[in-house]
Amino acid sequence: MTDPVIEMRGITKTFPGVRALSDVSFDVRPGEVNALVGENGAGKSTLIKILSGVYHADSGAVHVGGEAVHFAHPVESLRAGIAVIYQEFSLLPERTVAQNLFLGREPRTRFGLIDGAKMRAETKEVLALFAAAGRIDPDRTVGELDVATQQVVEIAKAVSTGARVVVMDEPTAALNEAECEELFTTVDTLRDRGVAIIYITHRMREITRLADRVTVLKDGEVAARFDAVPAPDAIVRAMVGRDIEDFYAPPATPEEIGETVLTVRGAGNTVLHDIDLDVRAGEIVGLAGIQGAGRVALAMALFGETPFDHGEVTLNGAAVSFRNPRAAITGGVGLLPGDRKSEGLVLMQSVRDNGMLTSRAFAPLWASDRRNANADTGRMDDLLDHMEIRAASYDQDIRALSGGNQQKAIVARWLSMRPKLLIFIEPTRGIDVNSKAGIYHLMRDLAREGAGILMISSDLPEVIGAADRVLVMQEGRITAEFGHGASEQDIMHAATGEGEVAA
Amino acid sequence: MSIAEDAPPRKTGFRFERWAPLILLVGAFVIYVGIALATDQAQYLTFDNLIAILGRSIALGITAIGQTFVILVASIDLSVASLISATAVLASVVMDGSPAMIVPAVLAAVALGGVVGVTNGLVVSGLKVNPLIATLGMSLIIQGCLSAFVSNFAGEVPEAFQVFAYGEVGPFPLALLFLAAMAVIAWAVLKFTKFGSDMYAVGGNEEAARFAGIKTGRIVVLSHVICSVCAAIAGLYLASRLRSGAPWIGSDGVYDLESIAVVVIGGTVLAGGRGGIWGTMAGMLIFSLIDSVFNIAGVDSFAKQVLRGIIIVAAVAFYAIRSKRIVA
Amino acid sequence: MKHFLMATGALALSLAPLHAQNFDDPEEFAKQQEQLQAEPMGPEGQPWLQHIGDGMVETADLGIEGPATVCFSNAGVNNPWRVVGYTNMTEEVENHDSIAEFIHVDAEGSDDKQIADIDDLLAGGDCDVMIVSPNTTAALTPAVERACEAMPVIVFDRGVNTDCPVTFVHPVGGYGFGIQGAEFIAENVEEGADVLMLRILPGVDVLETRYSAGRRILDEAGLNIVGAEFTDGDNAKTKSIVEDYLMRGNIDAVWMDAGATAVAAIEAFEDSGYEIPVFVGEDQQDFLRKWQDEGLTAIAPTYPTFQWRTAVIAAARVIEGEALPGPEWVLPQPAITQDNLDEYVNPAMPPLHYAMCGCEDMANYPGAWGGN
Amino acid sequence: MTDRPDTQNAKRRLPQINPVWILLAALIVAIIFMNPGFVEPTGYMNFLKRAAPLAILAAGQVYVITSGGFDLSVGSLITLVVVGSSMLTNNDPTATYWVIPVMLGIGLGVGALNGLIVCFLRVPSLIATLGMMITLNGVAFLWSGGAPRGYLPDTFRFFGRELIRDVPLVRFIPISVIVLVVVVGLFAWLMHRTNLGRHVHAIGDNPVAARLAGVAVNRVRVTAFMLSGLSGAIAGILLGGFAGVSTDVGTGYELQAITAAVLGGAQLLGGRGSVPAAVGGALALTAIFTLLNFLGLPQPVRQVVQGLILIAAVALAMHRRKQTGT
């Protein structure tokens, strides 16, 4: 057996207030795939960011090729042969495929100019490793490509650096079945060429298909290490490590489910087609699907941000057609955006101001703090207390709070509005495990009080555990529906249109 | 998952932004021809006249080429107008009528441009001062220093150097060919050099650029240097054209705001990462054509201002109205 | 090499006087002092047709036939003086049948733009005669030289460093302006009195010469100049500056190089509760009215806007082939004094109207100038 | 995992004095040192009277800056107001009573137009208000034909020129200082005590989040521009009153107003801003100019000092922000 190309020992990393990693050891050898699995917030991303030099470990050592390294900057890890493919693409949409592939290290002619011909040729060469090669013109701008193809370009970019180690962070999130298969072939090719691969996922099928070894992280610690791929159950046990029933709030009983709140019939727009949907009071409807399937588009259509251009929507018995979020909120719809930083929070404002953003938005502009119809600061403080938001003071900037507390403040925003339909997009993304349960119970409480809830999540166990009913979307259509307790396998199958997933 | 992430890929084929400067330019030209014919002044439609129009805004064109570079990296430069005055005065004082001093004067002007550019770049990328404020401050400093030393035309540009502004090669003014050459070089730099490619990366997504190992600070500084050197060249051109330099020629020409307007009308976005030189050149020609249209139509100079303000806003709206982004 | 250096040195020396900004030229000072006293030639009561000095140029050989197109490259209409002047000009054009068409291009105060404008006119304007009001002297010289090659050129207000134009129309000049105001102060205050000098901007030739002449006379009269401040032509700033000086000490007289902010300066005295001292303003109506209402001891030297009429008259004479004063057409530069103040105050005219416009007898007076 | 709860919050949240007040205090001490007469009512009341237009302008500008934009059009707006008032009053003292509301309406209208162009034509405010600046200048000239046609009657000039005499303690109070206090009080209350102010902050901080939270982003943004326009009109009325008619009254005021707001710690591109601090910035800027005047330093030096202070203020703010990790 060859020596590990990467060896991380005793890595500990603390963010103020949160211990993200404690004493984690991890290694990967040339020509193998080490699957790094764990729930959201288990510490996978932090570990990778330490490896690539984005973060610095508080203690512990990183060895590359046997030598201790201290990367101060991602560039240094790149030079050392470690290429990371992040979930958020780092591609420039205005530049061509070739320009993106060789960003920062363009081949030059002997006059020092960029060698466009060579760049194009090498791009073709690198892309040839992928089944998608035929579809990709090196001169197309990346913004014109679909998400799956962009993913291929992102991987090709890593490969083209001649990396010894490639880190893939949930690379199949946006891919359909055929594309997944292409990706697996690519991973095989890389492995055969002696590249070490760290593969982050929580899909069992990918682990079985690809992994040589499996490392399970939970709550910032290594929960299990397998030198061969074990039975999926063993991995799940190690990952979750607790009774699922406790973690998620109990599902709705039939008595708790009431009248239909939302009915959509035959609605669509440029991205969505033939949407039929019912949400009843008191139930949580999960919306699953791969990235680009149109789940967020559906949420934004219901919320009036990118409205439907045909079809019928009925809310609480009245036909509605919301042209913007304000209209939707007036009509009784609320939405928690998926990207807290860029869509949810006003970071430089106080916790209280964030919580009161919506209620103030519907109070008169000129109303003062003291005379606010439905935006009373005292009531908001009580609400924040009730939700147990941890902050030194509600006057402090919200940016200083943890993800979970930030999310609670956004939920608080909607509580005072009493929406009939509340849409959660990725409600627990980037939130530590302990806070997650809090959010699930909060959602359930809202449902019990009579709201219909639509939850969009890419975290399948979450969709299954928290929702009473799961709808699956694919290519802008709702393609399947499952009751509570559906398996990951079924949902994945429906989401990708084929294949099988173990769970 | 953000809104954008879940959106379908952009449609391929006709890309409006790419052609918008040309559409605007053609529109401006059609209006020019139309007005000339409508007012029965066909004499304005000759080759000589076309050349005169092309040559109207050479100083603005040179400055705008530089401005394109800084705007591409999502910065901006408000100090160009003062710098133009400063370099014109410097060059004309150093030359002081002596042909032997042309080379030192040009070097001095370019060096001054370089120093200002480096300072701007370092203040923007190092001290993280908003570029608008940084270069506005720099502009005040330059103008103040300059006015402290000279209050009128100072020095004298020798005949030999006036060739720059007044020389002709065949039917073309030398300065026009010079501008064309600069545009070609700028285009080549953006298209064929690593620096050019890095600039688009820094302007498009600074984070991604840094992760790709691009020294983003250095790119910002360099683009500021290019911008300031272009302004210095514009200053030299004006010194040659006016036969001397005065501390007001930059601000009188409003080269700071006009060069920004030209760049933006040329389709380079203020947020950086998108645009190019030919758009800027189209923007400059649009400005020249507007001026000429005003002249031949005999538009009252106050009405001219009103129209110019409206045209700037309308031209930018022509691109921007299609975007869904919230701007401020 | 040595030869070369000497040659360039000599060249530089020979060019230097043309361009060195000498705003304190005793010869020019004396000449203008004399011109102020001279009896102008030409019809009495029509100063725009008068001239000082007897040089004439013939224009019959220029071969222009009327009616013809006159093109005018204007530095700008960016201040009230130029607005009044330009109105004089357009009204004067109506008086001449020989001017078939009058084309006006406006450089909006930019040298670069004015050069381009002249090039445009040469390339396609079909001009027969060109009038240029240069934005600055040095910068416009090459453009005017090029225009001279194509057609007769008339320059007014500021000059150019070439004698190629048919004539250069201008009033006596900046020294004269400075002299008139400063002499008035010297006559009306005690020796050793405190004088505040208010200036618009540094570096503008006509203003610099006014200041140097004024300063020379005030110094010679033994007056105490408490300060010389730039106001940027900004009323608010002027008022603040005067208020500050009043807080610090006494002022017996105020000399100004241009009258635009005179009323603001007077108000500073009023608002601070001081007597209004001896004042030098200009011929703008607001100042003249204040003068009349408050009974000031004041004078208004002028830089007459009627020269804009003269430029058109010169162009018409060129077309008609008549002789005209040249190569310099020096116009008289009368000052408004207590004696003739009543002739010039006209409440019907706007506050920033320049009274010495010579326009009272024109067809569209006062409407075209904004009067009621 | 980039969310980092900050345990040192308590320390950082201690009441922090805005550096602009320290700067202002230091400048005033220096002025008194140079000119002891400044402690007399004539000294400081004249100072406040002079600073009033800029301070009001800064109070309006800070709305636009906090909402994420710039308003470059206020300088030309001042010119338009002064020229327009002289055209409309046309020497009739009784006209003041309707001309002033009309001018305030023009200010609000220009602001609304700026806001609508930014919101609906999606033109960045830098360009939109630059265009407006050029246009308004042209309109002012076009309206008056290049030179204003009328005097401003004393009734109009009352606000900028008159004093209330025989006031105990301070001897006299200029009307413009009263206008300053009222306007700044109103603007500060709107900014810091009402929903409008919170929303101005929110849309500057994160317009997408604000929109998804139901904030009427466009309405708030237009309102911010309208308040800036209103401040321009008020400043114009004061300036016209103080100094009478001229054609370039407003030149340069837009940059001074932005400088003042920035000195007061307003964050460019939005999210943070304080009306009192912006007014402090305006007073500090005026104090700097006054001081330089007393020192007998010419205009060029003033420019250099203004430039240096501008850069230093922002660089310092960025430095502090980096240190406190916010």
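Per-chain numbering from 1; labels A, B, C and D assigned in written order.
What we mean here is this: a residue touches a chain if its C-beta (ideal position, glycine included) is under 8 Å from a C-beta of that chain, and two chains touch if they have at least 3 such contacts.
Being a predicted model, the structure only gives us computed values, none of them experimental.
Farthest chain from chain C (centres taken as the mean of C-alpha atoms): A. Simply put, of B-C and B-D, more C-beta pairs touch at B-D. Centre-to-centre separation of chain C and chain D, using mean CA positions: 37 Å. The centroid of the Cα atoms in chain B and the matching centroid in chain D are 30 Å apart. Mean C-alpha positions place chain A and chain D at a centre distance of 44 Å. Under the contact definition stated at the top, the residues of chain A that touch 2 or more other chains are 305, 337, 342-343. Contact with two or more other chains is made by residues 3, 147, 301-302, 304-305 of chain B.
Contact of a single residue of chain C with at least two other chains is seen at positions 77. Chain pairs that touch, as defined above: A-B, A-D, B-C, B-D, C-D. Taken together, the chain A residues at the contact with chain B in this complex read 73-75, 78-79, 90-95, 99, 103-106, 108, 112-114, 116, 140, 143-147, 270-271, 291-292, 294-297, 300, 305-306, 337-339, 342-343, 425-426, 429, 456, 458. On the side of chain B, the complex with chain A involves touching residues 1-3, 5-12, 188, 191-194, 196-198, 200-201, 204-205, 207-214, 273-274. Taken in their complex, chain D has these residues touching chain C: 35, 37, 42-43, 46, 50, 53, 86, 144-151, 161, 239, 242-249, 251, 293, 298-299. Residue ranges on chain D touching chain B, taken from their complex, read 67-70, 117-118, 120-128, 130-139, 141-142, 145-146, 203-204, 207-208, 211, 217, 221, 255, 262, 268-270, 298-311, 314-315, 318-319, 322. Considering their complex, residues 41, 43-46, 48-49, 51-53, 55-57, 59, 96-100, 147, 150-154, 156, 158, 162, 166, 238, 241-244, 246-249, 252-253, 291-292, 295-296, 298, 301-302, 304-305 of chain B touch chain C.
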